[in-house]
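Two complexes follow with chain A in common, the first pairing it with chain B and the second with chain C.
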Partner chain A sequence: MKKKLRESSLKGWLYLLPAILFLGFFMVYPLIDVFIYSFEEGYNFASQTYFGTGIYNYSYILHDPYFLQAVKNTFILVAVTVPLSTGIALLISVGLNSITALRNFLQTIYFLPYVTNTLAVGLVFMILFKKTAYSDGLINLLINWFGGSSVDFIEGPYWAKMFVLCFYTIWIVMPFKILILTSALSSINQDYYNAARVDGTSQFRIFRKITLPMISPMIFYLVITGFIGAFKAYSDAVALFGTDLNAAKMNTIVGYVYDMLYGDSGGYPSYASAAAVILFAIVLTITCINLLIGKKKVHY
Partner chain B sequence: MKSNTDYIRLEKNARTRKKAVSAVTCVLLVFWAVVVLFPFYWMVLTSLKSYGAYNSEYIPKFFTLSPTLQNYADAFTAVPLGKYFVNTIIFTVLTTALMMVVITLAAFAFARLEFQGKHTAFLLFLSLMMIPNELVVITNFVTVTNLDMRNTFPGLILPSVTSVFYIYLLKENFEQIPDSLYYAARVDGTGDWKYLWKVMIPMSRPTIITITILKVIECWNSYIWPRLITDDENYFLVSNGIQEIRENGFGRENIPAMMAAVVVVSVPLVVLFLIFRKKIMSGVSRGGTKG
Partner chain C sequence: MEVILQNLTKKFPGRGRKNREEVVAVNDFNFEIPDGSLIGLLGPSGCGKSTTLHLISGLMKPTGGKIFFGEDDVTELPPENRGIGLVFQNYALYPHLTVKQNILFPLENLKGKDRLPRQKMLEKVREAAKLVQIDGLMERKPGELSGGQQQRVAIARALVKMPRVLLLDEPLSNLDARLRLQTREEIRRIQQETGITTIFVTHDQEEAMSISDQIVVMKEGVVQQTGKPQEVYDNPRNLFVAKFLGNPQINVFHAKIKGRRLYIGEDAVLNIRRISQEDVFRKDGSGKNALEKNDLRKDTSDAARLDDALTGWDAPVKEVYAGIRPEGFVPKADGPFFCELKGVEVMGRDISVVSANKASLSPTVRAIVSTENMADMGGTKAGFTLLSHKVFLFDKETEERIYFDAGAVG
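Let's look at the complex of A and B:
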């Protein structure tokens, strides 16, 4: 009996072995290593040596103007896109839920950005917004129609670049949010609505007192994943402004990590590690705050 | 009598308000559909305009009367788009296939087998779900570089062949298969391995297909890791290829040809989506994230 148990134990671990090997090598080991790297000062990539240990890497990046710019950009991006995308997604989902004709069709259209290559479609956005010598671009044409003057959104003023980045980010994250919210809305028990209608409750009140509380766990879930996702923004910025994000003043924290690791200013895994650890700390803090707020506000 | 007319008026008001609300809703919905579709329309349209026609339009035109396929020919000849495509297909197929094997075995162990330390192992696996990719990419980059696996397919593929989340998803699905089937198979002398292949995998086909499609989408769009690990054009994936084209392909300003490349890169996923629409959407609502 004992032998049999040991045999089946061995078998279980054997089935797990590939997953354990891959996870151990590419996830657990790197996870420990990144913290070690972040405290090794003056790490040299070629000779794999370092001078000593300490917090110099952290102090270096916290004084690096590029990093501070990246942090600022990331926070603006998060503060703009998370509430806006969740709000618009909520409006659209409620609208979608109230119609019957074309619902499937519209749902399919709304989902399209999810299955597109971020880099490829980013190029289309760049062309729509870019102002060149021979054409002001389509968006500027629209602005001119409404009486405004042309702006170069790709290489122009900071606010214009930030606007495009936020707009593209919202465009990209919308499908997921609409999908989650429409399925949450359609799973609300219709009896609640019927009861409210019998009582003559107004539409707005129904929305505030029934719909919102019923889907609040899902909204909450979207806010948390939205925060985490927006803090990790990078590819969308590359798609719009090219790989040299520092020059465009449009870098994000993740972009800073990768630039430190590789690329023209790269070759500093210690700085990259320190920046990645800081990013992780920020995301963890924000998620914890979200969870604390959620505990009070969300109805389960 | 008076109160009666009031009712009629009230009802009329309510009806107009309802109409107004639904009109606003429709406008909003159509507006967002246009916002979503327009970039796609614009990229197809631009890819059909000839280089000369595009550059002579100071005010961009919303249609073209003389569509040309020349840009598509350019996209495949002036830059090695075909090569990027083949690389991406190899990368996607191998990564997805390897991952399916690894996660199926792990999910089977967790769902069906009994062994010492199983619960601890499962908890450890779950806790790995919280680790963001950004944190481990740095060491992986150093590891792969030190192993001389830059610009090779193993270097591209191996770090992304496990997903704790998909193991979890598949395990949940495996557990829904009734135990009695397992015991019946045992009595018949069917071993674990055969049971996995003959019973569990066929019965979990919908979930397996969903996971496969989600992974394919992820592979097709992956950009960060391939960018770090390849600087040889021969190993570029489509995302890196697009970035390369943007930065120094086609003599910089040939935007119609660029758009042709973008269309070619986007079409496979859109087609995949239109075929597996229901599966993809239900799969994403169960476990995908983006943004």
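Let's look at the complex of A and C:
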């Protein structure tokens, strides 16, 4: 019996081996490597040499205005888009869940951004927001129509660019959240609502006291993945403002890491690694805080 | 609160291409539920009993007919204005709230002058919890309670507002056998203590019979028979009711009436004489009974008698179904009724004799006999004499009851 058990557990490990090897090579090893690079000064990919070890890389990027700008941008992006996108998605899902006519049609419409290419959407946003020699863009036309003056959202003031970036991000991440929340809502047993109805519960109270707690695990999941996703934002900014994000002052932390890796003259992998480790630390901290809050507020 | 159902009807429209026909879930339901009584709606699944309950609760709107609570016509009222308490089959306790918060929930919904001060609310919650004996579990979440405890919490939540009518949807179906027995007595006790008119739905005849003041047997949306449990059991109106009530089930045989004698197979088992239903109920001794209230008597009119004569009661041979309750068999070596003995199951208090008969509709005939009478049992043949009041005859086509008076064969 004991021998059989060991045999079967051996077999289990054998089945897992390909996945473990794959993850080891492409996830664990690089992670450790990045950590090591971040302490090696002036590492060079080509010669595989470095000058010395220490925390100089960290001190350098923490004094780099581009990095500080990137951190600031990322934090604004996270703080604005995560709550807004989750909140709006919740409203839309509740709306979708309470109608029967056109429901499937609207669900498809809301899901479209999810299957659309990021860069293609970026292009559309450029057309909507960009001010060119020929036209002020659709949004500016609207602003003018309401009596405001044109703003250059793509190359203009910082707040305008940030607005477009946040708007874009919210629009892009919402479909997935709506998908998750509508399925969470429709899986709530109708009897809870019937029980509440018999007791004469008001709509608002039903939402706050029954619906929200019931879907709180899903909301929590969306908030955590939302935070992580927003901290890793990069392609959205590129789609809107082009590759020279530092010049546009719209860089993100991941964008900074990328620029450092593939910048001129072979890049600075040590600085990039240090920035990546800092990003990792930030995300880890925020997620831990989320989990702590979640323990109190989420009902499984 | 008296509850009156008048011609209550609920139809569901057919759906889809294949299933176009509308479904009549409840068909012309008429019933008066006396104030303070416990009523069991009984029937197999799909018979419309739960729909009836939902119509009374107001969660569904009837297609036709009216519902009165006392003098008030509540047919058009939404559920929250009817003053009902509803206990769901799965209890529908809010899993994220504690027992106390769950019971408090209906009270917190009240607005304006109906809203009690907090202290008073908590007092009411305590009272309700005490009534169902869960006052020690107030801070637990539903997930930490057993099925029976959850059931009590659900009842407490339904009772805390002091409803005019309490509705229970399959209250015991999620409990294990022993808990079911205990909880059904509990429901009876709570109902009697509060005096609230209570209607509950079940597919379990034993459950309905054991605690109800009156039962309503339904089939395919149509009420088959109403009355006190024992009366319905003793005087089923048709074959369906006879088969549905009683455990073990009634034994049904192909039988013949030939010259005022009832034959099962080749055995002449009873001497019979047709009487009217009125006579049957008069024989019951009490002089009056609840069955007189419903329309059982209407087909004893002269027209029906005449009809009987034409359809062959007086004809030389009439094929009928004979239903014999398991307790209607008394072992007697020389018959007049014989079955092939297949086995004997001893159950302590009494004995279940399993046998077979060619005329039986089911492969086995089950008789419950007391241990003292077992002396006459032996060999491969089981001889019985029948208790005539445990034998019911039914028309083969309509499956309606044929009433008769009987004497032993001799």
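A few comments on the model shown:
Definition applied: the second predicted complex is superposed on the first by the 272 of 300 C-alpha atoms of A that agree within 3 Å, B and C clash if a C-alpha of one lies under 4 Å from a C-alpha of the other, contacts with A are read in each partner's own complex, and residues count from 1 in each chain.
The criterion applied here is as follows: contacts are C-beta pairs under 8 Å (C-beta built on N, C-alpha and C of every residue); 3 or more make two chains touch, one makes a residue touch a chain.
These figures come from a predicted structure and were not determined experimentally.
Once the two complexes are overlaid through chain A, chain B and chain C fit side by side, free of any clash as defined at the top of the document.
Of the two partner chains, chain B is the only one that A:T243 touches; chain C does not reach it. For chain A, the partner with contacts to more residues, out of chain B and chain C, is B.
When the two structures are aligned on the shared chain, A:L112 is found in touch with chain B, with no touch to chain C. Judged by the touch definition given at the top, the superposed model places A:K209 against chain C, while chain B stays out of reach.
Contact with neither chain B nor chain C is seen for A:A281 once the two complexes are overlaid on the shared chain.
With both structures placed on the common chain, the touch criterion links A:Y134 to chain B but leaves chain C unconnected. Contacts of A:L68 after superposition on the shared chain: neither chain B nor chain C is touched. Look at A:M27: by the touch rule set out above, it reaches chain B but stays clear of chain C.
In the superposed model, A:T225 makes contact with chain B only, not with chain C. Closest CA pair between chain B and chain C after superposition: 10 Å apart. Chain A has no residue lying at the interface with chain B in one structure and with chain C in the other.
By the touch rule above, chain A contacts chain B in their complex via residues 5, 8-13, 15-16, 18-19, 22-23, 25-31, 33-34, 37, 45, 85, 88, 91-92, 95-96, 98-99, 106-121, 123-128, 132, 134-138, 141, 169, 171-177, 179-180, 183, 203, 225-226, 228-230, 232, 234-235, 238-239, 242-243, 254, 257-258, 261-262, 269, 272-273, 276-277, 279-280, 283.
Within the complex, the chain C residues that touch chain A are 57-59, 78-81, 84-86, 88-90, 92, 94-97, 105-106, 109-110, 157, 161. Within the complex, the chain A residues that touch chain C are 189, 191-192, 194-202, 205, 209-210, 213-214, 216, 299.
Partner chain A is touched in their complex by these residues of chain B: 21-22, 25-26, 28-29, 32-33, 35-37, 39-40, 42-43, 46, 55, 57-60, 101-103, 105-106, 108-110, 113-118, 121, 125, 128, 131-132, 134-143, 158-159, 161-162, 164, 167, 192, 217, 220-221, 223-224, 227-228, 238-239, 242-243, 246-247, 253, 255, 258-259, 261-262, 265-266, 269-270, 272-274, 277, 280-281, 284-285, 288-291.
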